[in-house]
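Please go over the structures that come below.
Next come two complexes built around chain A: one with chain B, the other with chain C.
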Partner chain A sequence: MTTAPQASALPRRPARIALNAGLVIFVVLYAAIAFIQPNYLEPGLFMNFLRRAAPLVILACGQLYVILTGGFDLSMGAVATLVVLAASILINGDPETTWAVIGALYVMGIAVGLVNGLVVAFLKVPSIIATLGAMLSVNGLALAWSGGAARGDLPENFRNLGRLVLRDVPFVGTLPLAVIVLLGFVAIAWWGLNGTVYGKRALVVGDNPRAAELAGTPVAATRILAFVVSAVSAVTAGILLGGFSGVSVNAGEGLELQAIAACVIGGAQLLGGRGSVWSAVFGALSLFALFTLLNLLGLPQALRDSIQGAILIAAVGATVWRGRRRA
Partner chain B sequence: MTTDITRITPRAPRLPVSVLLAGLSLGFYIIIALSTGETAQLSPSGILGLFQRMVALGLVAIGQTFVILVGSIDLSVAALISAVAVLASHVMQGDPTMMLPAIVLCLGLCLMVGLINGALVAYGGINPLIATLGTGLVIQGVLAASFGMLQGAVAREFQVLAYGGLLGVPYSLVLLAALSLAAAFVLDRTLFGARIYAVGGNPDGARLAGIRTEQVILSAHVVASLFAGASGLYLAARLQSGTPWIGRDGIYDLESIAVTVIGGTILAGGKGGVAGTLAGVLLFASLDAGFNMLGIDAFLKQVLRGAIVIAAVAVHAVRTKGHVA
Partner chain C sequence: MTFRTLMATTVALTFASQALAQDFNDPAEFKKQREQLAMTPQGPEGQPWAQHLGEGMVDTVKYKKDGQVTLCFSNAGVFNPWRVVGLNNLNAEADLHKDRLKELIVVDAEGKDDKQISDIEALVSGGKCDALIVSPNTTAALTPAVEAACDKLPVIVFDRGVNTSCPVTYIHPVGGYGFGITSGEFIAGKLKKGDNVLALRIMPGVDVLETRYSAAKNIFDEAGINVIGSEFTGSDRAKTKSVVEDYINRGVKIDAVWMDAGDTATAALEAFEDAGLPYPVISGEDQQDFLRKWQSDKLTAIGPSYPTYQWRTAVIAALDVLDGKQVPGPEWVLPQPAITQDVLADYVDERMPPLHYSLCGCQDLPGYPERWGGKK
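For the complex of A and B:
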């Protein structure tokens, strides 16, 4: 009798804590931004902030799937670079082909995700090594294909995905297309984890793969699908990046570590078993707010890394400390 | 009874893996050299050149082996290598009398970084990937921001480390060999080594057996940082002056992990050793040299490298019974 209310209260608790960690850091950082630059409180600038943060948030959502199942995906940044370079070479300024090429990009991304997943699930290569190999290969492929320099051209309708801002939208005033993509992606990612059996399976596999297998969970399929979701998010982020920052050979450099950092700051647990879409979303927004804040403060670009590192350690340290206190 | 004892001799099956890997690497190198007609690469100086390719990555990887054996990981080595190379050239400013202070200062920095990494992981309970990624970012940022004030060059006498030699054998190779032997000795023959395997294999069991697991993890991180420092000093000697990006451009963090795992050390800890790691480094060096002889495009080289990393690990990972993440 007495255990019944406890049982219903327990599952909610980790979710609430995960939400708090990322959200609180984000609100504090955004308040600091608004303190320095009050017009960041206007809807227009906030939308613009969301637009620029969109690729990182999307990447973090994809990375979260892999982290939940207990792995890492280091190949995301390379996939994003490949997408940007491949799009400009394949489309080469011809707006007619844009949608077909976007389809081809997703096929490429899914292929990389499948390879990652199959290598981890069946060849038993630890994901950090498997996706490191994929990162080297995909990066090399992108550079070999483009000859080591950006070439080709992106037409207007491709770049609009990252760049176009809809005006005179009721309530919010302006609404960038990238924010619509962002909201759509987050909604699908949330549905995947909370509205389907897959979400439960991912958590179980991350928590204890052996127990999950004994309980009849298709462990290999769950893992593989996580890597595919991660690669799809990298393609989506790459398309947005190509839209607003144009073509460059290091478009995706370092994004994989930022995505992992974002999930961890938001309260997702490395090696699996705990975390929600909100940890990825608010972790990524916090990280991006931090970058924005450091820019506004006029700190040298290089120190951005240092502060990111310190925040990362502090965020995880705080989680560990809270865990110990509760135990 | 006696057969049982001989069958469970610890780490006996490990040696063939490293020997096999080293044999394959050398075989690949020799076949490529013969088939491309670059027979000069097979002369003693050519072979020494091949081995010298191993020094920078080899030194970091030995240190990485210690932390991986203990069940941790170190992603900060790349940034630390850059920091040491820059610091060494800044302190020396081409002045040979400043060589010793520079080396001492660099190793002091490494000691500090190792202690911080170890403390965060062992006593702070922070996931080693995040903790060392964080310290690496902090070092990298400070270094890049202050590089304008930190220029200089190492003393000409210091460059002997990279270019000089004893009886035709480069000092850098002697250094690598000596440090490898020392590391292997520590792991195989000393109490500290036994404790490393114990803590990596089963931390709870090791604690119950009375080992202070935190101290062992902390020490392993200090060892890794010192080896990264040695690698940084070697690179400074070879390049005459350090830049804040030499560690990152060489991807020494991820490559040192890759060669360690290729060499048969398990990421979860407790199993593996220096011999396998060196064989992994030799594989990378032979591949590099072989691809150069074949004149393979730099980008394609990277594609092949990535595939080989996966394949090499898969060869012995595929037999794993349980699940890996």
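For the complex of A and C:
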């Protein structure tokens, strides 16, 4: 009596359940926000909410790739910070170099992802250790390069990616550029898991790597690609963060854990084998709605942090409990 | 028994927290600093780093030393832009005195008390130093090390103090209450009774920051201005902008933003820009990015300061002591000016980096602006 045959007998069902869990939590939390502050129902404020949630949603999508294959990526926050600092130093106030620098940032991110993936796939270092090491190295690199303080300014065209809001757009009124980037990234992330064979490979690798290998799945390549996608998401999120608020030496601090929490709230299973892009998207939106709600309630910061922690545990606990009951 | 212990603990804690609260809101100190802000400084006109407030002077004839001298400096660290600017000031001031100064030895404690204690011991026992300058990492922990050093050579302390009167002089600007009084009174003067102010602060529990807030809060309370929120931003631009957006989205009108440090002031203002709202009255600090924005967007603003020129004063004081000249003491209180609309244009300098502290008093020092990260 093992669970493996059951899992393979119901391949589509878990994904649908995951969608519902994340979406339900998000709707409940957003309803609570709208109850306290009715103007959050206006399209403008909803778009602003999406704009500010965009980096976290993008990070969660990238993190999901790694979680599906049975790992963690703790380096993404550090990569996002490095991106913000590197952009300000490399662009150095010259708007004409912006696009070339963005290209360079992606190359840098892909390199970090490749290193993570190679270390996990070939040296067999557990991903939590490998990416913890990468996090420390990248943070150290950013600190050394910038001298610990923000230098230089980001030019207008770079800032626009996270800051510009298009006005007078039909149906929604205002449309932040960051929301367009968000929709594009989610679409690509969804296509990667659902439109290609990669999604099935990732699930199989996360569920049982040994079996996957025996069945002829390219386990190492699948894992490495997951870390590259995760790093690319971190670069994208870093660009939006830098655009939103400018140069900051702690732009990405703690985002890696929020991204992991988002995936789990949305119903993805830690150590792999279950989850969809929708778990990441709605999990991240739920988490961000929770942050917003606690801010709106105007509680003192210390109390806010405690409540946030308790609600996170409850949400993840509920998701896991629902999953177990059904299994 | 248990009950009595509990009672005793509760009572003790109540008093303890009261004592703690009073520490950061001391009416006598508030009054003293308010008076100091109003005083006319003594000393050379236009050189606030060489001026002082109040009367006290100390004799230093016993420390007089002829010929070339070696100064030693035990620095708490260079962990923020304020200290980076300050250290550049100190080195540049030393360059002015090449004829008198054989060597300036600077030791960096990297923000660690234990390292700074051993740094001071090493400098004193090394025997090369003729005078010691200390910028303590924390007050209580460094006191014994400074006391031990006082027995061997003249000691000058600046920025944070120590709990002993043994140093020749302790150099510092007016202080945290003064910062809060300057910014609080400006905002209170621009607002009406019942208007709203949002307070943005770096972090809780730091004495020099808590006193800034308590002074401003006292003034707002007196003037009948509502403090609609007091939020910690950790000096993070993204956090600052999000916090301000959240307050804007609550639909409460924010008439003014008060800040205990100016490094994220431009991020707070961006939140108003993005929401399509007019700028609030704002108190920032003397950082370049804030001053530039103030000038280009015609803000109603003030830039109080905790001036970095005190790092120059430390070298001046040490050399004066070795010359046997009288110096202001036992506390050398420096004037603590604020940047106002009238003098704004004098301090905006497009060559300087965004977080350069403009009241550095360094414009006439060797190596300006490159030494401070500016473009030629």
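As a convention for this text, the second predicted complex is superposed on the first by the 312 of 327 C-alpha atoms of A that agree within 3 Å, B and C clash if a C-alpha of one lies under 4 Å from a C-alpha of the other, contacts with A are read in each partner's own complex, and residues count from 1 in each chain.
Everything that follows uses one rule, which is that contacts are C-beta pairs under 8 Å (C-beta built on N, C-alpha and C of every residue); 3 or more make two chains touch, one makes a residue touch a chain.
Keep in mind that this is a model prediction, so the values were computed, not measured.
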Room on chain A for both chain B and chain C (clash or fit): fit
Contacts of A:241 with chain B and chain C, given as first, second, both or neither: second
Partner with the higher number of touched chain A residues, chain C or chain B: B
Which superposed partner A:137 touches (first chain B, second chain C, both, neither): first
Chain B versus chain C as contact partner of A:39, first or second or both or neither: second
Partner chain(s) touched by A:272 [first = chain B, second = chain C, both, neither]: first
Minimum Cα separation, chain C to chain B, after superposition on A (Å): 6
Chain B and chain C contact sites that coincide on chain A, given as residue numbers: 148
Touch list for chain B against partner chain A, complex: 120, 124-127, 129-131, 133-145, 254, 257-258, 261, 267, 297-310, 313-314, 317-320, 322-325
Residues of chain A that touch chain C when the two form their complex: 37, 39-40, 45, 48, 52, 148-153, 163, 165, 241, 244-248, 250-251, 253, 292, 295-296, 298, 301
Residues of chain A defined as touching chain B within the complex: 69-72, 74, 119-120, 122-130, 132-141, 143-144, 148, 206, 209-210, 213, 219, 257, 261, 264, 270-272, 300, 302-310, 312-313, 316-317, 320, 324
Complex contacts: residues of chain C adjacent to chain A: 79-81, 84, 229, 231-232, 234, 236-238, 240-243, 245-246, 249-251, 266-267, 270, 274, 289, 353-355, 373
